[in-house]
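Have a look at the structure below before the remarks.
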């Protein structure tokens, strides 16, 4: 049932963020005379600078691995990851609720406690970003229903300290390929609306 | 002719074709091969103006080949890509004949034009890195005569004796001899 | 043509080169002035990009406005050159020789500007490249069923073809300029352009083949370009646009406006560069005849177009027809008929009317008329949609006007600069004509023209290359 | 987490997006490949725990307070923000429908120019923020200084909140509050009292009728409850079962949907009713009892057909046909309302119209007219406080209040809506405004107390009795209040407490609960006694506390269908001091003769766009095209084609309307549906402030009215029947052109119209 | 297969325009302001067309809600150069904002003139933006838009049904306009399903297609019977 990573997908590619073009991979797939000229000419022009996916700096150095090892599950904090449209972030109250008992003196935990006291939200940096300009409405629970595991898109967060992006989730070609291979809808309106 | 020692080049500029014609005829008679003779003119010369063999061109052939290639590329682009990456169209045709025809038509024309020009430049030695064999096409000190409407005769690969003779015969009618 | 013209070939040659060598402050001023106008273009476009397409006057239901009008207009102008020069070349019309270069330059520059207008018109110009078929990570391709994609194919082909068609015959002339220029930047520029042209027999032979093939190939391309532009309209359901006649109608209109701008350009060049010896009255006479013919053909098409609509009784078509002939657009419509048909026929039917000044003036009128024609194709049809509730109107904003006027500046700037840098009359083709005695233009020159040219002809500089 | 997580609602998102796209466009593609908008990089974790999943929709029930109808709504909230309003399908009044105004409550809630903190006019003359404590204290000081010179004005509809204001007035020692409501509602109540024997708002059983003669009530435009009446109308006309005939001077939306529209001369509606009565009486279809009852009410003979037709300006055969159809119909019904009641003879017209029901046997009959009934929770909360007084008394009240008069205005904008009020208003030494916006009154107030809008409030509403079934609807707040806004009821209680005369409840909710508790106790004690609820409503509850809990959880109390009050018969017929007869509109003088050809009768009306002006601050409504004139953003004057031709007026021309009090300039819209000589102008424009979308938009037609013209018999302004002079000023400047949505409509009259409903192909 | 369709009973439409506001609220449609609206740039996805028949006093008013007809053979689709509008497998005439480059060709070719264009970026001054529907993108300037049949509600309805492991039932998915209509003049559902309400309405003898002779095969069906509503003689 579980479909983790579609076959034939190169993993961990270096890609530019954002709405980037991907001439190279296309070339691998469809290297006929059909598009040869265009690859050389236009794709190069349209290709943006390639860079590694940056790991954003978080206001609090949250350690995923420690929490998972302590027995928490992803959905404990990201409550909507399986049942909701958005995975969501835990409320400050929820963090503080546990940490009132657990290591309340840890310097990073102190930041949470302070935020809770001041009734201030915490501004977490997004790790996996689909730009607003793409106008994509991703639905977590539809993917969970289909048996797609978290790590397919997010990588093995359980072994990370601060979450890092492992895959450019803004790469539409990747989405479409997976959809086609799993016979999910390839209608534009499935995501864009 | 090439390896036998130093070869000389004689250049001469003429005001009129008639002047040059006499020199060329004399040179041919003296045993100089037509292939050694290079004529530069400010405008195309008629076939019979000089007793030299007519140059050959395969531009037309390449043009037609370009047309075929361009047409195929455009067809592939318009029809092939749509078939390879079908978009949901809700039952409407993914590849429609007339639009593909239009794109193919334009591609054909583009291929033809591009190949024609490339071939013209190729044949004329005008593409970067491709000069005419044996130093032809190099700039000459007398090129300004061509620019000003005169004709330039260049005879390559002459022995010193041939060169001297040619120079002498040219001096009478030529504007300048180099 | 005549016997006594033969010896004067060298003289004429000298005259022509002399014209080219002379520095012309007028051209420089023209370049700068039109360059300033071009800045208006750049400012307006930048303003539009920064603020949104809404700075225009277009609205619902008139979704297309001045930009598309100007697009069609400039693409039409572009038919001045390549098509006319190709036809003249193919038919071996001797009087083409002084005309072709200036005509082809018009084509290239008009096309470059015309091709910009659809981009200016886009709501999101930053992603215009979605229209271009290239491999991308989205696995999406343009929709080849859209006439706009045909436009891209056709205009790309046409602009490349026109550029090469202008460039190929320019190579020998660039070589002339190179060999006559003093060493320096100028010489290097021409050297690059001449690609190492020496004028050998092989080069001439290949070149002639190339030009011949291009001339034949460019004609169907040119026809297809304006046909496809017309299909942007004719392929729709919109009343007033859905017409089978649009293809040929647009092509004829394009040639018509092309000749108009050619007449104006030649009259200006003839005066500005004192090219009376080369752009002779005969050239104007011949072009004038072509001009009046196109006017009549255009008139015929216009009549046929409106007659069929009027006779059809189709309610929606008649709505458009009504506003055009009797409604809000009646004044521009009848103005168009007058300047495009009545005046050209009245003036150009007589030999006296086919002289430089009258033809140029008629040309100006026709330019206005043909612009109006495009306006009357785009706006009335859009402002009169089927559901009468949505009937609207359209008033361009200053941005649109600025871009429209600025585009003229860009064109003039490019044209002046071209004229300044390169021979606007094809030197080698003129020489070829004189050599064969086929082109007797100089011989046709009136005696006073010969007298003036005599003084101008005296110094023939030997060229700096020696 | 996905890239889409995050609070889209945060203000900076939109601004960021805009800037981003500007940069995007300007910088071009290449630059952008690597760059991202800053805002996309952040996601804020919520502070508070929530049971709802992140970004999940939570639907909360509420009650629309945009008018007094009391429509029940569902509010979609996502991450504690209100997103959308839908009608509650089982809604008591609306049965799932919501009107345009109701939808726009979201924009009232999230309006960028809302008042969210108390303000006091400082030494500089400007309003300055103060704390609630300070604000309440200064308000209390002002009231305590002159309690009997304190005038309370409340715009709350009849119900517990209005009752609380009455109680407040008693507590602080002020006279009875002024109830701010539109003229025709005041008049309707009086007409019902005269004609049906009870001062109420009649309940019309439209849905089960088969022929409705509607004299003036614009019930599809927003009168009483648009949502209810639209549903009822749909039932009436379903399968072409019933017929609606509209008698109205203006072509309102209701007239536009009526099967027949009689464009009666304004002010002659009552005359028409009398004329129709005459035809009915002469038709021989009227029963003897009904005839006798009617002739008791109107001893004089009704006018004949010719006189009626002449006076009303309607073809005699149309009136004749109307009467014939009425007498033929099985369950005819006559409604009155709107502009018919707006004129000086409004009470007479309304009574004459309602009296027709008696003649037709429609009173208390299925598909007829019933008494509007309620549970009386207003009085329960008010205790023994005096009843409210009608709006027209306000000026007199202020004029008579002397030097140090205090005006407490809650949810009302008398300065905008009351003609000639300025002078009296200036006389008030202290004005305390409870408002969510700087409307015209609040702008001039000395003290501004921010109040919550519908969705932020605890709601306890007695809905408009359109259904003839009593109800009390209760709903909790759906979102947290913005800023420091408070419930107006809570403010009243706090104000009373600050003034040293605290009422027994800490807040409005407690007040409502206490009244429920009292009602329970009273019913338990004596199910038949005064103040008792129907016994069926309290069965199952053990004690008062449980009853209150159960009622609030259930969203209120609704009477059962059989509780619908028995048919009310005119008190006069019962012989209880039968009066000599009703005011006969036929005997009243005709409206003043035209002062000249250009004198027009002004018909101010409430459009579906702005209502009484309340909707003017919502961009959705401002940009909503009026369904008939298709005008957006601003006021307009509807001119008849015939008049326009005569005066040379074209659509869009600026015309000047000159009344006795003032003159206003506004664009004309020429329509073929306007009765010549009439001039329809929407109310609700021309606010001095009221937020950025309303500020200076349109003109206030109330300026043309004068305070001295009142409807005879009640304390309300006569809004109708005002004569104005019309002159064409000029072609509009570009910025003056009315914003007409259906721009092509005018041309459509000149060229063949492209579409007609019946030429389409079959689906 | 599904073919989403809508039926509108003109005999029930009062022109109250509640649907217009509901649509704006649901779909984050920007209000353009007085100046822009005067230019004819108001952005309603749904408009109530008003026509008069006859002359005073026997004048009759007709209302006609016009929205994207979700044509089966849509003229707007083939002209889009970038496939930003296309026909989706469920019969929707889809509009993909992120793909749109703003040629406005589709709008020109729409016989119903129902497409609207974002001439500028949308402005929702805070906190008005708190109201924005998170399921619908806020369209940037330069992008075409139109009625989507509330596609976000369709997707949510299908998602909900899938989550509950059942099929989408008729009436599960309701468009914003349908839901707000006080007279229930609008119904929405699957035209392929013969038992759906919309199919039944569509088979009414009163049913017709707007500009039906263009054969755009609209997904919107109008119902109108006129005899009763003829102007009085």
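Going by the order they are written in, the chains are A, B, C, D and E; count residues from 1 in each one.
Operating definition for what follows: contacts are C-beta pairs under 8 Å (C-beta built on N, C-alpha and C of every residue); 3 or more make two chains touch, one makes a residue touch a chain.
Since this is a predicted model, take the numbers as computed values, not measurements.
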{"item": "If a chain touches chain A and chain E alike, it appears here", "value": "B, C, D"}
{"item": "Chain whose mean Cα position lies farthest from chain B", "value": "D"}
{"item": "Centroid-based (C-alpha) most distant chain relative to chain C", "value": "D"}
{"item": "By number of C-beta contact pairs, the top two chains", "value": "D-E"}
{"item": "Closest chain to global C-alpha mean, per-chain Cα centroids", "value": "E"}
{"item": "Euclidean distance of C-alpha centroids - chain C vs chain E, Å", "value": "45"}
{"item": "Chain A and chain B, separation of their C-alpha mean positions in angstrom", "value": "60"}
{"item": "Cα-centroid distance, chain A relative to chain D, in whole angstrom", "value": "51"}
{"item": "Distance between the centres, which are taken as Cα means, of chain E and chain D, whole angstrom", "value": "29"}
{"item": "Chain C: positions in contact with at least two other chains", "value": "51-52, 124-125, 127, 129, 133, 139-141, 145-146, 149, 385-387, 389-390, 392-393"}
{"item": "Multi-partner residues of chain E (each touching 2 or more other chains)", "value": "40, 42, 47, 49-51, 78, 83, 86, 88-89, 99, 121, 140-142, 211"}
{"item": "Sites on chain D at which at least two other chains make contact", "value": "17, 21-22, 24-25, 29, 32, 55, 742-743, 745, 748, 753, 755"}
{"item": "Pairs of chains in contact (touch as defined earlier), listed by label", "value": "A-B, A-C, A-D, A-E, B-C, B-E, C-D, C-E, D-E"}
{"item": "Chain E partner contacts - residues on chain D that touch it in the complex", "value": "8-15, 17-18, 21-22, 25, 55, 78, 81-87, 94, 96-100, 102-104, 106-107, 109-112, 220-221, 226-228, 230-231, 233-234, 237-238, 240, 243, 251, 253, 256-257, 259-263, 314-315, 318, 321, 482, 608-609, 619-625, 627-628, 630, 632-634, 640-642, 671-676, 692, 697, 735, 737, 739, 741-743, 745, 748, 753, 755-763"}
{"item": "Complex contacts: residues of chain C adjacent to chain E", "value": "51-54, 57-64, 118, 121-125, 127-128, 130-131, 140-143, 145-149, 152, 232, 235-238, 382, 385-387, 389-390, 392-393"}
{"item": "Of all residues in chain E, those that touch chain A in their complex", "value": "86, 88-90, 92, 94, 96-99, 135-137, 139-140, 148, 151-152, 155, 159, 162-163"}
{"item": "Complex contact set, residues of chain D against chain C", "value": "22, 24-26, 28-29, 32, 742-745, 747-748, 751-755"}
{"item": "Of chain A, residues touching chain C in the complex", "value": "20-23, 25-27, 30, 35, 38-39, 41-43, 46, 171-174, 176-177"}
